[in-house]
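Here subunit A shows up in two complexes: once beside subunit B, once beside subunit C.
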Partner chain A sequence: MYGKGLKTLSIATVATLAAAACLVFFYAPSDADQGFVQKIFYLHVPLAIVALAGFVVAAVHAIRHLRTGDRRHDARSYVAIHLSIIFGTAVLVTGAIWAKASWGKWWVWDEPTLVSFLIVFLLYATYYPFRYAIEDSERQARYASVFAITAGAFVPLNFIAVRLAESLVHPRVFATAEGGMPGKMWLTFAVSIAGMALLWTTLVKFELTAKNASGQLKRLRRALDAPDAGTQSRIAPELS
Partner chain B sequence: MNGAARAATPWRTAFGAILTKDLRMELRTLRSLPAMALFAVTTYVIFRYALDRTTLSGSLAAGVLWATLLFAAVLGINRLFVAERDEGGFDAIRLAPIDRTVLLAAKAAALIAYLLILELVAVPIFALFFLEDAAGLAPLVPVLLLADLGLAVTGALISSMAVNSRARDLLVPLLLLPLVVPLMIAATAASEPLLEAGGPAYDRFGLWLGVLGLYDLVFLLVGYAVFDFLLED
Partner chain C sequence: MPALPLDEAGKYVAGAYVVFLVLILVYVAIMASKLQRIERELRELAGFAEQRRRGEGEGAPRPRGAAGRDAETEERVDRVAEEMRAR
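Up next, the complex of A and B:
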């Protein structure tokens, strides 16, 4: 049930990402201000957009979990947050590299999008210690879903507040991201986003398939009274 | 077999009952309030030395005030549901014929009361310690009210999630602080021009009050929607 289509999806991901890389390096024009460094934009921004979309997807799965009580939705929510956090780490690192290359500093407080993202990342990073602190597994799943929904509602609010906090006089540094982009850049950007979205979906599917397989294995072991192989994580939801 | 349906207790009655219970208990035992107030005043002293200043204005004043209020509030939030958990209050609420979100509303209202009492003590002392003139305090009141509402709703929600976990005192600040960042951004941005050295200014005051209101609304709705699931057995 989980592994179907994984191979096609993986191939599609690799193909799209390869196409994106080719477009970035050979097709998209260089930015007038920043030069070659600007091309990290095609990595950084799609990662950020996909990570945030992933958090919203996790909230949707959490809603479905609370409404139906089906633990598989909780597993999907957990995996979605897991991968979005990983993508989020990549966003912060690539953002720092870009900041260093174009402004000379590794971190800046006056770029609202970066600060908003940091706050969202910190919030979702608390998901793990939160799950870990609740022992009863059914209650853990329920509370985690409530957290995912609350945090999902928080994301747009956070972006609004941080954006407003920036002085309106401060220049919009990422002018290239605001629609001032020529057509060639738009195409490269679109392909990059598609590639990242496919990558996220493939990794989510992969992780869900792996969890399902180990859940089935555990069930078989239990049925055979065989000893357990390794310690199962206390917080990762089981799929069986 | 009793065919007649028992009428559920009306929302307002249940809300009043739980709120009065909480306030009465706090008045009798004084568990949270003195600690919160003392903590706030001691923190002011620490800030005086940490920043090496005897007067504050503008953004520093807003920052010190709101950071102190926030951390004092966390002390109160930590203790909000402890009595319910220890004395079986959650079971009582589950058994009672009431809408379960009454508990969240009553706890949030109690927390607002604690915060208001805290601010009645902490804000004048802040003015005494650090402000040159108290003209900015009157327009600060709507900011305090809206921020208290947001802090209370979010705090009650997080507290109810954390109370059943192991590391309760760790979990509340961990979960709460990122969630109240937009609230703090709006509260400090609204307060900063009010506490300027030359007298209160009202830069974008309406805008920030609007953001505070939006935050309150979003978390009221979210809290109302999810609280039932937190109380399930």
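Up next, the complex of A and C:
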């Protein structure tokens, strides 16, 4: 039952995101260097962390799929990648807006943080055409899992590369020599990241519930010998 | 670069938060349309099952399915329904 607990999770998500918004605009102090523009940080960074963590979750489900052969893990991996790509799109757009406000440019090509995230994002963007190119559903699921594991290995590499790189303009706020963020900013950031993680989990659960309902409907149609509606997706894995 | 004044910075901050909100709303709208499709198909299927049940009651031929398959089909329907209840 994928729908179990969805209502509670949705309420928790809305409450946490509302609390985060209140903290961002009424509690957290403005950054001494960047001023009010720094408020984008509480949206952009949690989105990036959750998107990258989502890719790792997809890789874990892909491993479980290859080990057990259970198609439900393939569906979970697929949905995790789907949501992380949506979050990744938001990361790129909000990052570009922040860059324009802070640096006067929408994009900086010699900045490793930006470029490495773009590489990971584009890598995952090829997941759909890759999956779509394979007709046989068994092979499709297996190859997609191999892809998710291989691409998932790039995510920690991305984190490490970013930390090792000599950044020119991208700010460092965690564990810096100056001591990083003050307590109020940390609290706001922690609530923001919790809200974003809850949102990601809720949407994953929501999509899996819809997929499960669709799969059960198809099974029922087959059992009743009813004519096929012909609306089933070719690429999306089914939970039947 | 020096910090932007509030009136100018506000536009960028609002833009970033609105973009995020729009993305989520678009996703939810797409999911809602998928759920509507599932609901429509479920209604069609319920109508199909009802039509077949009425056909059986009147001794009329079934809308689909070959002769001799009825008991087997019913068994499959029961099995799927039981599995769905168990989940």
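Couple of notes before you dig in:
Everything below uses one rule, namely that the second predicted complex is superposed on the first by the 217 of 240 C-alpha atoms of A that agree within 3 Å, B and C clash if a C-alpha of one lies under 4 Å from a C-alpha of the other, contacts with A are read in each partner's own complex, and residues count from 1 in each chain.
The definition used in the following text is that contacts are C-beta pairs under 8 Å (C-beta built on N, C-alpha and C of every residue); 3 or more make two chains touch, one makes a residue touch a chain.
Just so you know, these numbers come straight off a predicted model, no measurement behind them.
In the superposed model, A:S10 lies in contact with neither subunit B nor subunit C.
Of the two partner chains placed around the shared chain by superposition, neither subunit B nor subunit C is touched by A:T113.
In the superposed model, A:H44 lies in contact with subunit C only, and not with subunit B. By the touch criterion defined above, A:S137 lies against neither subunit B nor subunit C after alignment on the C-alpha atoms of chain A. Legend: residue contacts after superposition of the two complexes on their common chain; A:A213 is shown touching subunit C, with no touch to subunit B. Using the contact criterion defined above for the overlaid structures, shared-chain residue A:T150 touches subunit B, although it does not reach subunit C.
Counting the residues of subunit A that each partner touches, subunit B and subunit C differ, and the larger count belongs to C. Overlap of the subunit B and subunit C interfaces on subunit A comprises no residues.
Subunit A makes touch with subunit B in their complex at residues 66, 119-120, 122-123, 126, 129-130, 133-135, 139, 142-143, 145-147, 149-151, 153-154, 157-158, 160-162, 164-165.
By the touch rule above, subunit C contacts subunit A in their complex via residues 1, 3-6, 9-10, 12-13, 15-17, 19-20, 23-24, 27, 31, 34-35, 37-38, 41-42, 44-45, 48-49, 52, 64-65, 69, 73, 76-77, 79-80, 84, 87.
Interface of subunit A with subunit C (complex): residues 1, 31, 33-37, 39-40, 43-44, 47, 86, 89-90, 93-94, 97-98, 100-104, 199, 203, 206-207, 210, 213-214, 216-217, 219-221, 223-227, 229, 231.
Note for the complex: subunit B touches subunit A at residues 157, 161-162, 164-167, 170-171, 174-175, 178-179, 181-182, 185-186, 189, 207-208, 211, 214-215, 218-219, 221-222, 225-226, 229-230, 232.
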